[in-house]
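These are the structures in question, set out in turn.
Same chain, two partners: subunit A is paired with subunit B first, then with subunit C.
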Partner chain A sequence: MKRSLIALGLTLVTMLVFTGCGPSEANKVQPPETKLAEEKVQEEAPVQVQDHIVVAVPQDPDYLDPHLAAASGTDEMMFNVFEGLVKSDSEGKLIPAVSSEYKVSEEGLKYTFTLREGIKFHNGKEVTIEDVAYSYKRIKGDVREDIVSAAFENVEIDVIDDKTIEFTLKEVNSGFIINLTKAVIPSDMGEEEHNKHPIGTGPYKFVEYIPSQKVVLEKFDAYWIEGVPKIKNVEFRIFADNSTALMSLLAGEVDMYPRLGTENIEMLTDDFYYIQGKQNMVQLMSMNNKVKPLNDVNVRKAINYAIDVDMIIKAVADGKGTKLGSNMSPAMAYYYQEGLENTYNIDIEKAKALLKAAGYENGFDITIKVPSNYEFHVNTAEVIAEQLKAVNINVTIEAIEWSVWLEEVYAGRDYEMTIIGLTGKLDPHNILVRYESQYDRNFMNYSNEAYDKLIAEALTETDEDKRAFLYKEAQKILTEEVPAVYIMDPDFIVALKHNLKGYKLYPIYVQDLSNLYFE
Partner chain B sequence: MQKKKSLNFYIGAFIVGALFLLMVTSYFYMPYSVTEMNLAEKLQPPSVQHLMGTDHFGRDIFSRLMQGSQTAFYVGLISVGIGLCIGVIIGSIAGYVGGRVDDVLMRFMDALMAFPGILFALLFVAVFGVGIFNTMVALGILAIPNFARITRSGFLQVKNFTYVDMARTIGVPSIRIMFVHILPNIMSALVVASSIGLASAILSEAGLSYLGLGVQPPNPSWGRMLSESQKYLIKAPYYALAPGVMITLAVLGFNLLGDGIRDLRDPRK
Partner chain C sequence: MRYLIKKTGSAIITLVIVSFMTFGIFELIPGDPVTAKLGIEADQEQIEALIQEHGLDKPFIVRYKNWVISAIKGDLGMSLRFDEPVTKLIKDRVKVTAMLTILSLSMTIMIAVPLSIFIAKYNNKLIGILTSIATQVGMAVPSFWVGIMMTYFFGLTLRLFIPGRYVSVDDNFTEGMLYLFFPAVAIAIPKIATVIRYLRNAIVEQLEANYVRTAYAKGFVFKGVMYRHVLRNALIPVITIMGMMIADVLGGSLIIEQVFTIPGIGRLLVMAINNRDYFLVQGMVLYIATIIIGINFLVDLIYHWIDPRIKIETL
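Presenting the complex of A and B:
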């Protein structure tokens, strides 16, 4: 026992000594140019254009069957394999994909789609209108018991002729069309086949999936956009560990690494470059609006005044984030209300005055529950705890497991304050409905009649400009009433090999590989 | 009795003494605040101002290590205390009473010992919530079987000595015999076990905090610092090195001290 413990201790020392030395040498490698030059010569020796890329991803797909898949990590890869009647472009606008055009009836209840001429599945068969109808009926829940989508609940799906399909809604829902980005798949495959060897219409076809290793895709030659995609083979390699992914990138085994941490940017050598941009996420500190003393709007305002968001962005994201003032990222340009982000610039005096007015002159104790697996949010909590000391609010941080967070905070609403990032949606309704009084995932416990009315009105509004106006009004209410402190949209950073070009950031969690090419 | 020398003892006592001094000092004086953030000085390498550099929020690592030593000692002492008290009681009863009682108690201890330590602690904090208190209780429970075994074997040796029989014949109550007449005989074994128990408790606390289940931020703990530093391992290796060395030193120190005490007390040497 004692021997082994000592041995363990000694091994630890040696390990630490070695890890301590190794990296510091690696650090020194960066400035001298000779070494870099050497590496470059080696790289350039075989002059030929690469026809395959390796992309680092953090997790396995949950299902290959596109109608079963729910994880955004799956969408990230399979965005290249499947398409719906419409799909999102890099600005978040919907463009026709399997359909060639569509129109919405005047009263907003009927959506009529025309099938794209000559569009083919990966197995070479032409897409028929029956395939389209089958796909959406399958999502609706007509085919299998384990696939049921509430989004199609009151929707009738009718085939008009062999080129036209019509969706009829019971009531106007301006966010409905988003649901038609879901995959169109062949109707003549075995039900289980979709999860084993899926077939779609996207720029890449599925080749194989080896669990916890890789997902392999190959160029689909008959894709409906000529000349797309450009790279022949794609491998999504699964790295559970970020530092392993980074090492593989630096070693040249990986060509593209989405989600590079800001702290690692300066490790990229000249062989790489990175693209950064908004990811349509809203990082916020929710304050349970039904719990004392946070039920008092003055207290919430005071907290907001006492928090220095600019400093959080600097401390936690190395300055690579966009300051927010309401629950909408500027990535949603058309619906984003500008100018709200500076409403609560840090003002300790004002915060103290507001607390005094609310009867909390001497501050209070409060707990922030934060999911322990998101270091980003834990760090944010640490900075906030430090900042709130200035107004005598004593913060206890409770880092809890993700599953516990989901149960206690997200579903159970049993918390005082929490920090989380709300991932982006294409439709503003899906983003802002979180604050609607009756919404079952309104974990802020926020309730405001005027707000509910705005959201309901916007949902049935068919004029896009008016709709955007209503959503902007809703954002103003959120800023005014502070159900949460809105922090930032952290930048999404993608590291790429220096000669890999054509990457576009999306406001949703996908990697579009179809436009990538090597120079 | 001839005075024996033990190198282990001196090295162990020196390391533990130094750490103890560091811990005591931290109550009165620390170079910098452990929570105040200074972003201008983020991830600075060791320098005269910051002996061990600064962390990702610009906090002084040395000060945080000092404060972390409080946690380490605190958790170590309390959890070993829990294990010692309960373990001695269980071991004494098992050893003194014997028979069925002994069987039942010791099989229960065996079961507890067979359970993987870190898994038990994980389960415990998952059920009762994270935090330093629950960590101490979990580690304390884990320490019980070891102390119970040592106490029991000591009791088995001593309980049939003539003086114990004498005491029993003149009507000394059992409790008094157990704790006044027998227990002092096995004190040295318990001291050794406590020292080594402290080492493993400190290591386990660091492990739990590393996993985010022990000490909660912003309070510094060596294990937490180690996990925070992991992200900056390449950019700022000294950050990981500092808490790593502290954990190693503490574990090594207490182990050597325990071994040293054993060497000194062992009549066979």
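Presenting the complex of A and C:
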């Protein structure tokens, strides 16, 4: 007995030493797991294909009730459960969903929607026009005190007949229709039920949510698009830790891992492949425009000239990113102003001259606050700190917790410089309004009358081409006045099992699972 | 009896101080639970609504008072982040963490005690140095590193378990135990090293004592001397360490649970703190404090049982 225990003890000690050379060897070994699993399947029944999928996600949903939910991490999952009158396709265009068609009156004030024939909720009941009216009135704030959205503030919602609903606006708002992507839910459910067991019309129905572990969905058989979705069971598994998520993927436990870091691409074995593309994100280094010396446009320009964005893309994203020159990603092709990205190509002499003109010939000390949970942004900060040394700007990097960043930087505007990625929106207004002087989340503290005017004008413009022109002008102002250093739209990299096909990238923060299938 | 009253009294005072301090610390450190939950896209209206719902707009003292009153009634409030009662969230996770504690603790005892006796028995310079190096290394390696290495080696290379998967013991006992086995080993390694360090020294010291010579003179063999006399005396400091260890693991092995994705107390606590989930952290701190007080109480009793000369009243 004693001997065997000693042996066990020694084994443990050896193991400790042995595993010291583990990682490099483990890398070379191809995980046979998936192959084994396939062989087994083939022995039993050759035609059988995997009918469940596990997707790695980084966070819990904030609310299951779609009208309470605000976090984009929730949207990422629940995009598969809920639909509005319209929804986004993979190109960011709005397509009818719960409605079958819609028209906008000439002056741009009336939106009339026709309910899709025979569309059903997950509980099997047909969607009625009352459900639609109830849903948007609920979002507007007519049902509960804790659900209020400013988006419907001056909007009248009228049921015309049992197939038609009309939204009447007080003034033209070209961005209004985006709000109708918000979920249509049944009107005859208990209020609390929506947050416990939500029901929608999407391709997947909600099964269960276990906090900090998983969100489980199941195929909705009566979905309005025939043959969609293809995979029966879906599990979003919550990994608070990236390396654990990666290991689970390599072990074959996870089938799909969105947001794989570029540094991990080489870890992928033949059992996996990845898709990369623009994600409509703007990674930027915001310079607090109300804080000295950043309130001086010459200083901001100097910093822009001193920073080598191409180098950052190479160093931090391994070249997998699109260089930006303003607060818009080329993923928004129709609204994107081309040719701005090379305005501030690196020029140390110019930077020095500009600093001299501003009276900072000898440089200055400055702090970048960066959320520590985003390694990508922390790495970017390190490269920038190094680059700014060339013009005697001495950078201190302060890595802070996400919740602290939200409070101090995003809400409190108490910072000098910060690096963050602004996730894409479908409507250019929602992207560019961040710089409007009255906007309450304008954390760049930027203010420019001409800019405000452009944004206001574009909002009431009904002609699409003219609207796009106005937004392009706005982008030019941002490039000219540089409230921030615009860095890149980092490529979105999603790792998938080799036989999992049909993935589509969206310009918004969602994972559409409805078209995925196993080969 | 007087002992019990005294102990209960000090336990209550400790809990009050601990809970007040946690509340206070959360008041001081930056970070806002509402934006942490809703993210950067939330409307001002939504933020207001959440603040109202949880009474976060009230002054610190009022919030603390409300919390204490409902805590006395057994209601620890609702988690901000998960929208579930705090007691339920904790209760769901205690079982997993408890299993992990039992498993790692039995490993520690089963390996460390015999190994210490063995090392002490054949005590010479070489063994001494080797033990000292091995225990030093065992204590020094960070447990997250051991965890990640084990995931690589046993999970990815040897395929004994699948990283990222977790099987509940309720669903499948053997498989569930397997998924707890490796994390338990990762927790046990530094603990084993610590126990060996203390126990070996204690045994060696005791073996040189006069009563040992007397015992041998009386005709006892090594076994008798060891188990009847030496071990009893040597165990006292080890019991203290073990008590601390149990409290430590039962309070959640923060890192190991994270690395092995075990849905236990530790992972919940990390998540609660990151999200500034006041009520959840508060409830968990209360739970952990209670555990530690309880364990200390047990350690007192065990002292008395091992060495009856130690009177409970004087502790």
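By definition in this document, the second predicted complex is superposed on the first by the 480 of 519 C-alpha atoms of A that agree within 3 Å, B and C clash if a C-alpha of one lies under 4 Å from a C-alpha of the other, contacts with A are read in each partner's own complex, and residues count from 1 in each chain.
Note that in this section contacts are C-beta pairs under 8 Å (C-beta built on N, C-alpha and C of every residue); 3 or more make two chains touch, one makes a residue touch a chain.
As the structure is a prediction and not an experimental result, all values here were calculated from the model.
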item: First (subunit B), second (subunit C), both or neither touched by A:Val378; value: first
item: Broader residue contact with subunit A after superposition on the shared chain, subunit B or subunit C; value: C
item: Which of subunit B and subunit C A:Ile225 touches, first, second, both or neither; value: neither
item: First, second, both or neither for A:Arg441, with subunit B first and subunit C second; value: second
item: Touched partner set for A:Asp146, first subunit B, second subunit C, both or neither; value: second
item: Partner chain in contact with A:Ser243 - subunit B first, subunit C second, else both or neither; value: both
item: Touched partner set for A:Ala399, first subunit B, second subunit C, both or neither; value: first
item: First, second, both or neither for A:Ile95, with subunit B first and subunit C second; value: neither
item: Subunit A residues contacted in one complex by subunit B, in the other by subunit C; value: 2, 5-6, 8-9, 12-13, 16, 19-20, 22-23, 26, 243, 400-401
item: For the subunit A and subunit B complex, residues of the former touching the latter; value: 1-2, 5-6, 8-10, 12-13, 16, 19-24, 26-27, 243, 261, 263-264, 266-267, 311, 314-315, 372, 375, 378-379, 381-383, 385-386, 389, 396-401
item: Footprint of subunit A on subunit C - complex, ascending; value: 29-33, 35-46, 49-50, 52-53, 79, 81-84, 89, 110-111, 114-115, 118, 134, 137-138, 141, 146, 148-153, 155-157, 159, 162-166, 185, 189, 192, 258-261, 263, 267-268, 270-271, 274-276
item: In the complex with subunit C, residue positions of subunit A that touch it; value: 2, 5-6, 8-9, 12-13, 15-16, 18-20, 22-23, 25-26, 29, 31-33, 60, 62-63, 68, 70-73, 141, 145-150, 195, 210-213, 237, 239-241, 243-245, 247-254, 400-404, 406-408, 410-411, 440-441
item: In the complex, subunit B residues that touch subunit A; value: 35-37, 39, 42, 56-57, 126, 130-131, 196, 199-200, 212-213, 216-218, 228, 230-235, 237-238, 240-241, 244-245, 247-248, 251-252, 255-256, 258-259
